[in-house]
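Comments concern the structure below.
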Amino acid sequence: MNAALDLTPLALSLRLSAVTAIILLIIGTPLAWWLAHGRSRFRFLVEALVVLPVVLPPTVLGFYLLQLLGANGPLAWLWALVEVRLVFSFAGLVIGSVIFSLPFVVYPLKGVFEKVPRPQLEAAATLGAGPVDRFFSVAVPASLSGFLAAAVLAFAHTLGEFGVVLMLGGNIPGETQVLSIAIYNHVEQLEYSAAHALSAGLVAFSFMVLAVLHFTNSRRKVAL
Amino acid sequence: MNAALDLTPLALSLRLSAVTAIILLIIGTPLAWWLAHGRSRFRFLVEALVVLPVVLPPTVLGFYLLQLLGANGPLAWLWALVEVRLVFSFAGLVIGSVIFSLPFVVYPLKGVFEKVPRPQLEAAATLGAGPVDRFFSVAVPASLSGFLAAAVLAFAHTLGEFGVVLMLGGNIPGETQVLSIAIYNHVEQLEYSAAHALSAGLVAFSFMVLAVLHFTNSRRKVAL
Amino acid sequence: MTQLSGHFRLSRGTFLLDTAFDSAGPGVTALCGPSGAGKTSLLRCLAGLETPEAGMLRVGDEVWFDAKRRVFVPPQRRSIGYVTQESSLFAHLSVEDNLLYGSKRLADSARRASLDDVVDGLGLKALLSRRVTNLSGGERQRVAIGRALLRSPQVLLLDEPVSALDVAGRADVLRYLRQVLERFAVRSIYVSHDLREAARLANEMLWMERGKVVAQGNARDVLTDVHLPFAELDEAESLLDGVIEGHDEQMGLTRIRCADTTLWLSQVDAPVGSSHRVQIAARDVSLALSAPGAVSILNVLEANVSELVVAPRQPAQMIVRLDVAGHPLLARITRKSALALQLQPGTRVWALVKSVALAE
Amino acid sequence: MTQLSGHFRLSRGTFLLDTAFDSAGPGVTALCGPSGAGKTSLLRCLAGLETPEAGMLRVGDEVWFDAKRRVFVPPQRRSIGYVTQESSLFAHLSVEDNLLYGSKRLADSARRASLDDVVDGLGLKALLSRRVTNLSGGERQRVAIGRALLRSPQVLLLDEPVSALDVAGRADVLRYLRQVLERFAVRSIYVSHDLREAARLANEMLWMERGKVVAQGNARDVLTDVHLPFAELDEAESLLDGVIEGHDEQMGLTRIRCADTTLWLSQVDAPVGSSHRVQIAARDVSLALSAPGAVSILNVLEANVSELVVAPRQPAQMIVRLDVAGHPLLARITRKSALALQLQPGTRVWALVKSVALAE
Amino acid sequence: GPVARAASEPVRVAVAANFKQTIDRLAAEFSRKTGELAPVVTSGASGLLYSQITQGAPFDVFFSADQERPERLERDGLVVPGSRYTYAVGKLVLWRPGRAWSGTVEQALKDPLVKVVSIANPAVAPYGAAAQQVLEKIGLWTAPPFRVVQGESLGQAFQFVATGNAQLGFIALSQVKEANAQPGIESEVLEIDPRLYAPLAQDAVRLKRSAANAAVGRFLDFVSSPQGRAMIAAAGYASAP
């Protein structure tokens, strides 16, 4: 029971989810904007590509990533060059999680980006705002609900995910053993009470965070 | 190899994903509309609740659902009464998938629903359209991109999901063994070539469907 | 025509709409007043798009709103057409589908206006299959008017419906509007910043200021009351009712008998004997102490000065209210002239009217 | 003041904008024309919001667009202020932040207009902290004007910027606008459906029809050319340049010397000797064959008839172009009167001008 | 309670993932020999299958990867009394792809080229627990000169090595046999002295709900028949003591 309630996996999970969500927002935002407003004829291909990782079972995706990122993978020389180890490390978990949650960030963002009022973007341009400036000063504030949705989905999905993480992380305590794996293990070992405790804690914690988040957000809108 | 390329799991997966996506759109649409435009002060609680299933590892969520829906679960009398078996059956898989993909439908929809121009909704009202009519004649057409996103995410996420499905009995060949589990099994059994073949097929198939979908969608927008 | 009356109290931030109103006479009711007076807010209350904190609204025999008895008929069950101040066309529908949106939702029996008629009347033929997002400002307004008319409403709310139209287009639309409103006996409230335009259409006028209707009444009386805000405006004017006496086909003129004299105006397409109302801008009226000689001014009316006030915003000018055989007529002249002519209540004068418009 | 000239070809569906234009004189250029003529499209090309298929645009020494040489300066690098026909305020910003959006993006040295000045001039003080989504139509327009001015642009594009304002508010805003434009020597293009308003502000007028500028020139000449569309309008008018001769403080009048005579108008707040332009509506001008007796009409000008045409849309009326000591002046009278007075080119007449407005 | 079923119903087998392929072969042979319907095989982690069985999963027999879960099912009263027996005993091996072996387990592990060693999760998988015992016995569990990575299952422990991300892996002999049957995977194993770890006895039970299906008994009989035992031994298991 004591080992069961070790909090390292929780801390690790939260860190992983936060880092993943942040990276996803950073990558996903320009991608979503390009999908919503870009001019290329091949946007539809990229749009389809973004979802693909999700159609594979997580462990299988993890398996492929393990091959791609691993010591014998086609890109191994690259990792060796920059001296990072991508498997069995936190960095690997982040990469796996990012790929696996990408569509849950890109799609909601694209949806709201398409709804940013064109007259307002044009007004911003005539008032001297270049594309990037327009994006941050007009599009982003008009899309806050989409960002909230994207962040929540990315965070939650990473918190719960364990298939990819397991494959890429190797379940190394304190390094890659995240909470979802810990809970899973308890269930497998028939240590139900520990599993219940961890699950309940996770759910309660998530619920509180989410509720506060949504509450502030709904307040903000009323105040606006 | 022959057994490996059995197409029953594929058919089952597509059926499960389609049914799940449809049910999710049916449930998720009013829920998202209510979250976007409802007046209740407790919307934020519901909004937080919707995401919770995702923060748990899929197998653990599946474990709880198994307890809840199973023969010895607290609701067993109810299932007995209506004579449906919810675990180890297609119905069970659908329930699990619906719960597990709910936020990926509700969040993108809520995002676009919030952006439906209020003056257009008001105009529809003064032109004689009641709430439901307004919803279908104004809000839905203005939110098509959100519906597309929601449907794609729900479908893809269900296609790839296997933790919940596995737990709820989704590994009975020909009955509940979906493609993701078949692939997972092949990898577990070291039958890599079969796993690769199925994965490649799934990815290629999904890519084609998605590309066609997004292509038509981008066409439609240009034509509008 | 449906009577519309009630009172509302609605507060939004620091603004408080708190007013009673009543629109009972025939025809159009014009709603005027400075920007921010609450005109749009009032229309929204009438349409059911706002729920006032207090008040009630009676339309004909029906009660659409009663705060005390907790009655609130939602917009879709009020028979209204509402042309909003800013465009609210459906971006995903073509012009034609926009036009038909309301009429599709009517029972066949309630459908009075026809698509063809509206399309012709508003000149929308060439636009029917277009997307609304790339219409010009004036085109959008015409579509919005058409859409509201095709709803065949009992009450039509028009919030500056022709502000984006050029003068010629505006005249065409107003003519058509007037005709439709009469044909279907629609009660309508018309918000306008252009008093001439409002007076041309309206029988009744409301003046709003700071959330309150401060003046209200028959257009003829309200317009010529020197103590009300209308008379102060640059475009102040008078309405006279008359009867067509004859046409001068050659000159393209029509004689109208009104206020015991004959007025000439551009030929009207109406039979002799029909009654018409003419509109005379106060600034078009000059005064002389004796009947003038050969001038290009066709219309000369004998009158008595009944009241004189200095124009509040322009101290160089005076507003003179004349009595022309019992009918009120406003003139706006400089204080210098008034002094030179030694005008006083009771002075007998000749009113020279440069231009007379038919207030149709 | 920056010269603006060029030509554009832009096709959008069945509409083709294909026109040259040139705006070189000082002050405001008015852009008029029927709804759908392409006024907004032209402004969008000037702002860089459309990329024409062909053409070029030269602004002062700079080339903002040249299809041949593939030059296209994006909107954010053109020094423009654009007040659009429909509201485009930033919904997520307060009124104050909307106003400051453009000026924040300027170098300190380029910032000429100040927030305080604009807020005072447009009466926005009470609105500063408000959200823009619940402003009234007129309030929104004033904020949009302020926002464009605070961008301190070289070129200001105004697309019916005061259509939602009441008459008094409109006059205030236009007065302020005029003053600012002069102070900072801003080149501006002003789209308006109200010819009087346009003439009050503009030195130069463009008339567009079906995607083309069909008439263009100095406001005084263009307005009084009986063969151009301006003279046909109900609100046709003439501009006369004059010099202030004196004030009559008591009567609140100002004497202006122009076209060899003296005109009286409401007192102007300007020193004796300063030059001013007056605006005389064609319908305010009556004609007499002899000098009139005691009338309330203050201004009587001796003139010769130079041209007479029947008003195209109103065959009962004639447009008469007078020559007042070498200055053109339009009068609009009935055909009947013209016949009665036996007017012909060369006839000597007295023009009675009811009301003279300063075309500030 | 048990549901009466037609005799023509196939036997439903729940099996631990590591025994899946073996049971598949047994089932095929059973059906070929007797002409009965081929049993339907569902594989999964033993813990998962246990949970499902307690919730009424439609299985007739359960081949676990350990002894604990069948015992619990017995205590739960879900199995036909007396049906529990050890059908196989697993053999733990040390594996690396490709190269030929020599020397002891200890030497192999201390090779400086060995950076990462994979095992199954000791908490969940009996083979993982066995691997831990071996490492403990040879004093390499605490502070080993390599990293130990854990797969959730034997399959994953195998994959870490197969993808080259681990140099050595503790896996089951049966896996290597299966892997060698796959094209493209050549490997040799180092057998581990069975005294270094507790026996990996795998128990099977017949579930109560199968009572009405006579085919279940026939299938179980076949599995424990000499032919069945031979097939199990060929798959890399020691036979039950």
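Going in written order, the chains are labelled A, B, C, D and E, and every chain counts its residues from 1.
Here is the rule we go by: a residue touches a chain if its C-beta (ideal position, glycine included) is under 8 Å from a C-beta of that chain, and two chains touch if they have at least 3 such contacts.
Computed from a predicted structure; not experimentally measured.
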Shared chain contacts [subunit A and subunit D, defined touch]: none
Least hop count linking subunit D to subunit E through chains in contact: 2
Copies subunit C and subunit D touch via same or different residues, half shared test: same
Most distant chain from subunit C, judged by the mean position of its C-alpha atoms: E
Centre-of-Cα separation between subunit E and subunit C, whole angstrom: 90
Rounded Å distance between subunit A and subunit E, as computed from the means of their C-alpha atoms: 36
Chain centre separation (subunit B, subunit C; CA means) in Å: 57
Distance from subunit C to subunit A - Cα centre to Cα centre, in angstrom: 60
Touching two or more other chains - residues of subunit B: 59, 63, 187
Residues within subunit D bordering two or more other chains: 86-87
Touching two or more other chains - residue numbers and ranges from subunit E: 48, 51, 156, 159
Touching chain combinations (by label order): A-B, A-D, A-E, B-C, B-E, C-D
Residues of subunit E that touch subunit B when the two form their complex: 12, 17, 20-21, 40-44, 48, 51-52, 54-58, 153, 155-156, 158-159, 162, 175, 178-179, 182-185
Complex contacts: residues of subunit A adjacent to subunit E: 59, 63, 66-67, 70-73, 87-88, 166-167, 170-172, 181, 184-185, 187-190
In the complex with subunit A, residue positions of subunit D that touch it: 47-49, 74-76, 78, 80-82, 84, 86-93, 101-102, 105-106, 131, 147-148, 151
Residues of subunit B defined as touching subunit C within the complex: 117, 119-120, 122-130, 133-134, 137-138, 141-142, 224
Subunit C - residues contacting subunit D, complex: 12-13, 32-36, 40, 85-87, 130, 134, 136-139, 142, 159-160, 163-170, 193-195, 233-235, 248, 251-253, 264, 266-267, 283-284, 286-290, 292-298, 313-317, 331-341, 352, 354-355
